[in-house]
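One chain, subunit A, appears in both complexes that follow, with subunit B as partner in the first and subunit C in the second.
Take a look at the complex of A and B:
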């Protein structure tokens, strides 16, 4: 008892000192990364939010006067802003499901054993390594209404000619096609890895249990893939919300405003019209919408993971 | 009829031959263990019975039907996998009902069967859980339940206990044996653990490098191993071996370093033949006369004591019942009954019988 009483305070003091040193060294080790993040991530966000509530001095690029919600009101009253949100929504609703279904479908097909699948797999990577602006340009050439390859082929089977980039409805479909061409391989890549990682013996057990191709796919493969499908969707969603380059290179938002996705619109407003404050307000609105929807998707993903 | 007849089965992957003509006849209701070191072909053989591997040559019959080209689902077999292979997204109930559902059994019948099997395996409280919420032993039991519920002609087990901890393994082992006694279904059981094979099976098939080394009742393999491989594989701790040449008077062995050892009962092979004699550790006794050996290590386990000894640079293991006062460094004399001394031809590895 007495021994414990004598020992305890000393022991505590040493431990206390050790803990303080521990905390200091922890922060010391984290400091470089934390500072870097603050500089490249937190500061730009803070700066954007700041100028979205202010008038911007184009000479010094600093916020001069606090204007409250003025910039936001201007944006909300701007019909072009709502149009861009709608365009982005249409693009997302068309492109994301298409890329998911195609990506996983192709992965499923090239996962089966057949000759030459290695080559096909390699070919599928090409769209991913082409610079988006180059892809947009190449597609614009192929889709040219007068001397483009696609209309030539279509003509061979008696279709067309189509004004791929000039017709407002077709232009959106064209953007979706190019984006799908570019991003489906990414989904395929993840899906292939997922398929390869599925436990083999589970499928053998299903085979012995009497499952045919369709039952195996529907009752085993698909449920096992659900968490990965959900996660891929979230990753792809985060990429697609930012889509900008393909629209810029292929249609530059046109014809009219038919393919002016929100990021393109913000970019134009900021760097062409020099309305930085309004653009910042739009960026903040888009950031909030994206964060809310991402949270919803992540929640759904977690729920799906719990179910399967 | 759940007899399994394996006739001259060969397997090769391209030019690489892995099985060189295996024939085993398994009568209806028998529990057969396929045992051997990794890569001996035991799992491949099991997978060929299941239909998960092609048979390159030979026939496999279940009942009196050749099943070489029959789809796995139509072979009327059930398999328990090493990693359980449960459907991770299905509850225990659905896991067990899956095969029955695919056979379009009426739901009432499915529920009845699942219930009765769950009762046998004490799985009732777990029926609505997912596999990931189960312990290793429970998963193992579900995997067995999934096999039993189908009421197949043949059970195939692929190292089903190797992922369990030692204590659980022993418990599941006796549960398995009890289950087989109760159901009486033909069972082919693959394991690399000879103790598992010996304790569970009516008959043990020892395999090595794609060949059957010996087929027999567990104690037959222990008492009369056909060759050096089986002698070394069956028994724990393993058999002691001494290589040498038979002496002129055939009373003993000349070891390679010239040392002459008298062998109790003599060596029944012609003089000068290179032979290997094998004696199990538990068949040595400490005596006043016999081979003089130096004690190096003593390992007591309570019920028995293992003594490692050195004889002219070779290690001989001795296992005695109870305890001993012998100390490391001492020299003791050990001997064995003539009946417990196995003689093998060193060149062919085959057993030489007493004539």
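Take a look at the complex of A and C:
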């Protein structure tokens, strides 16, 4: 017989009431935050979903007529939508691994003992706090073939001139460079913190055992960092998939559609072409794709954590 | 008695009929009045009870208006307080639209770019200035004095929703010094596209003799931007072509359209390196620094780009301004008027209309042009001698551009989906400028998309 079974019915009732009061009080504390979250997160999402299945009357700015999947069909038939998804894919494939490798690589360098590393760490934060529009504008000036410093410097070593913003292929590279300049410090900061938190005794033991730098890195540092790398990747992925401000400021999606990432395309269709219903449909599609891929990455992250 | 009674009865019936007619007329009149005229909302204010009106405008000039124009307006209307909110151009239409369609709009006055009046008016949110605000129109407010082209920018489907406040036209800026250096005569308004292109190679030159090219023939919009298509559209218009036909179907997907777009793309051969990504800022910069001989640009930036010693080393005698080169039909120009409109739900329509009237009046325009260098829309203003010398050639170019644009219908589509059309054109023509597709394919693709959009 368990202790509960041995309890008198009266005592069980009192305990039950206590639990109910506990649940009520917990919910009472959570309710304001939950309601706030519902208002600021769930409402816009549900409103977007509602618009995506309706015709939007610009006169009243409300969804008027239910049109079923019409907006989704219009979007799917629009080659510009698929082109923007492709452009976004190219950007993510190029930018994310580059930022991860550079971020962790720089963290290793900063982690080593050398004079002035504190100053460098502080300087690294600057790109993150510069407004994207300012960053895009400054880079635009630096990369201009006529006045820009970058081509001038490259010219001194016999390289170029390059049309960084006018050449469709180079324009994507340019976006990746600007985005990497902006976000690598974020990865570096996380990586630095992770490196500092690694257990010292394991490294000391490896040193006593005569492990060289590479063996220590490959067999100890990297496995210990894998969960952090995976988590950082997911966080950065969620940030990168939303990117549009750099593209807007630096290339405005051009030349042609070379840098028209999906969020820029949705923004233009909504706020410039005033096609809010179709834009809502696009936003929902992108939301679903992002959620699915994020779930895949999270699953992968958990597996890696289990492995190491 | 009987006759009297009969007469009385007859009178009563007449009186009753007349009374009912009067009531019906009154009711109908007042109903009609309610539909066409707005309440004054505190009129023009009093020292004890001033009225406050709010305006949403392009941030490029909102601050200048707040600090310079509003104090001048308040000399005439001291009891109307004006607050102006500046918004970046790219967000202005969407924000204006969201505001005017709200239950209680924040703004009384909307400053709308050329193609936006139809998009805003379609929502039913703008006040008909001639009927709705007619009761407050000053007797000396001369509608007929406006040039037809800028006034038409504020009109849609026969209703006048806006008045021109900052007029603008796509014009050709000329660096006469670079023409002289190349041994070419300075261009005149009779310059044709054929002559311009023939002279262009000579304008790509080494001006300081160091063996490097340091000056080019042209810069303008080439980048992916909704205003870039206005360049090839102007070339198309000057050759007699049109963007849309009278049924609003694409009319540019033909040899004339391809020729015009190719002419725009070919300008890159004579433009500075990297010009394919140049837009408003970069092309202004190139002209300001004396690196290009011509610039196809909105005339309103002429002062800051070409003659203001604070921003350029160019001097007024070195520069010129005129209509764009002529095609088979005549010279080119493209309209870009900022009109002031009043929201239907404004609580102070009389005060709002007082501001718009003052700023677009003969006196207001003259002050606006002389004090702030803003381009006027009135024939009478353009006929006056401006206080600032640099405005003399500008007035001549403007008058010709207004006449040219009116006769050639040189403006962006006057449709509720105008910006969507412009965005498609920007997308496709940018691909052609970047060399991703041919001019022919770009226009075919644009025509297909626009036709689907306007169906």
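Here is the rule we go by: the second predicted complex is superposed on the first by the 284 of 308 C-alpha atoms of A that agree within 3 Å, B and C clash if a C-alpha of one lies under 4 Å from a C-alpha of the other, contacts with A are read in each partner's own complex, and residues count from 1 in each chain.
Keep this in mind: a residue touches a chain if its C-beta (ideal position, glycine included) is under 8 Å from a C-beta of that chain, and two chains touch if they have at least 3 such contacts.
Since the structure is predicted, the reported quantities are computational estimates derived from the model, not experimental observations.
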Quiz item: Do subunit B and subunit C fit side by side on subunit A after the overlay, or clash?
Solution: fit
Exercise. Classify the contacts of A:199 with the two partner chains as first (subunit B alone), second (subunit C alone), both, or neither.
Key: first
Quiz item: Should A:271 be classified as contacting the first partner (subunit B), the second (subunit C), both, or neither?
Solution: second
Quiz item: First (subunit B), second (subunit C), both or neither: which does A:223 touch?
Solution: first
Quiz item: With subunit A's C-alpha centre as vertex, what's the angle to subunit B and subunit C, nearest 10 degrees?
Solution: 150
Quiz item: Touching A:145, do we find subunit B (first), subunit C (second), both, or neither?
Solution: second
Practice problem: Would you check which partner chain A:60 touches, where first means subunit B only, second means subunit C only, and both and neither mean what they say? | Solution: second
Quiz prompt | When both partners are placed on the shared chain, which of subunit B and subunit C touches more of subunit A | solution = C
Quiz item: Of the two partner chains, subunit B (first) and subunit C (second), which one does A:69 touch, if any: first, second, both, or neither?
Solution: neither
Exercise. Identify the partner contact of A:46: answer first if only subunit B is touched, second if only subunit C is, both if each is, neither if none is.
Key: neither
Quiz item: Which partner does A:29 contact after superposing on A: first (subunit B), second (subunit C), both, neither?
Solution: neither
Quiz item: What's the minimum Cα gap, in whole angstrom, linking subunit B and subunit C in the superposed view?
Solution: 51
Self-check item: Contact residues common to both interfaces of subunit A (with subunit B and with subunit C)
Solution: none
Quiz item: Once bound in the complex, which stretches of subunit A touch subunit C?
Solution: 58-61, 80, 144-147, 161, 163-168, 171, 251-258, 268-275
Exercise. Spell out the residues on subunit B that touch subunit A in their complex, using ranges where they run on.
Key: 50-52, 72-73, 77-79, 81-83, 85-89, 98-99, 102-103, 146, 150
Exercise. Please give the residue numbers of subunit A that touch subunit B in the complex, ascending.
Key: 199, 201-202, 204-211, 215, 219-220, 223-224, 226, 307-308
Quiz item: Which residues of subunit C touch subunit A in their complex?
Solution: 90-91, 93-94, 97-98, 101-102, 119, 122-125, 222-226, 272-277, 279, 282, 285-286, 291, 417, 419-420, 423, 427, 430-431, 433-437
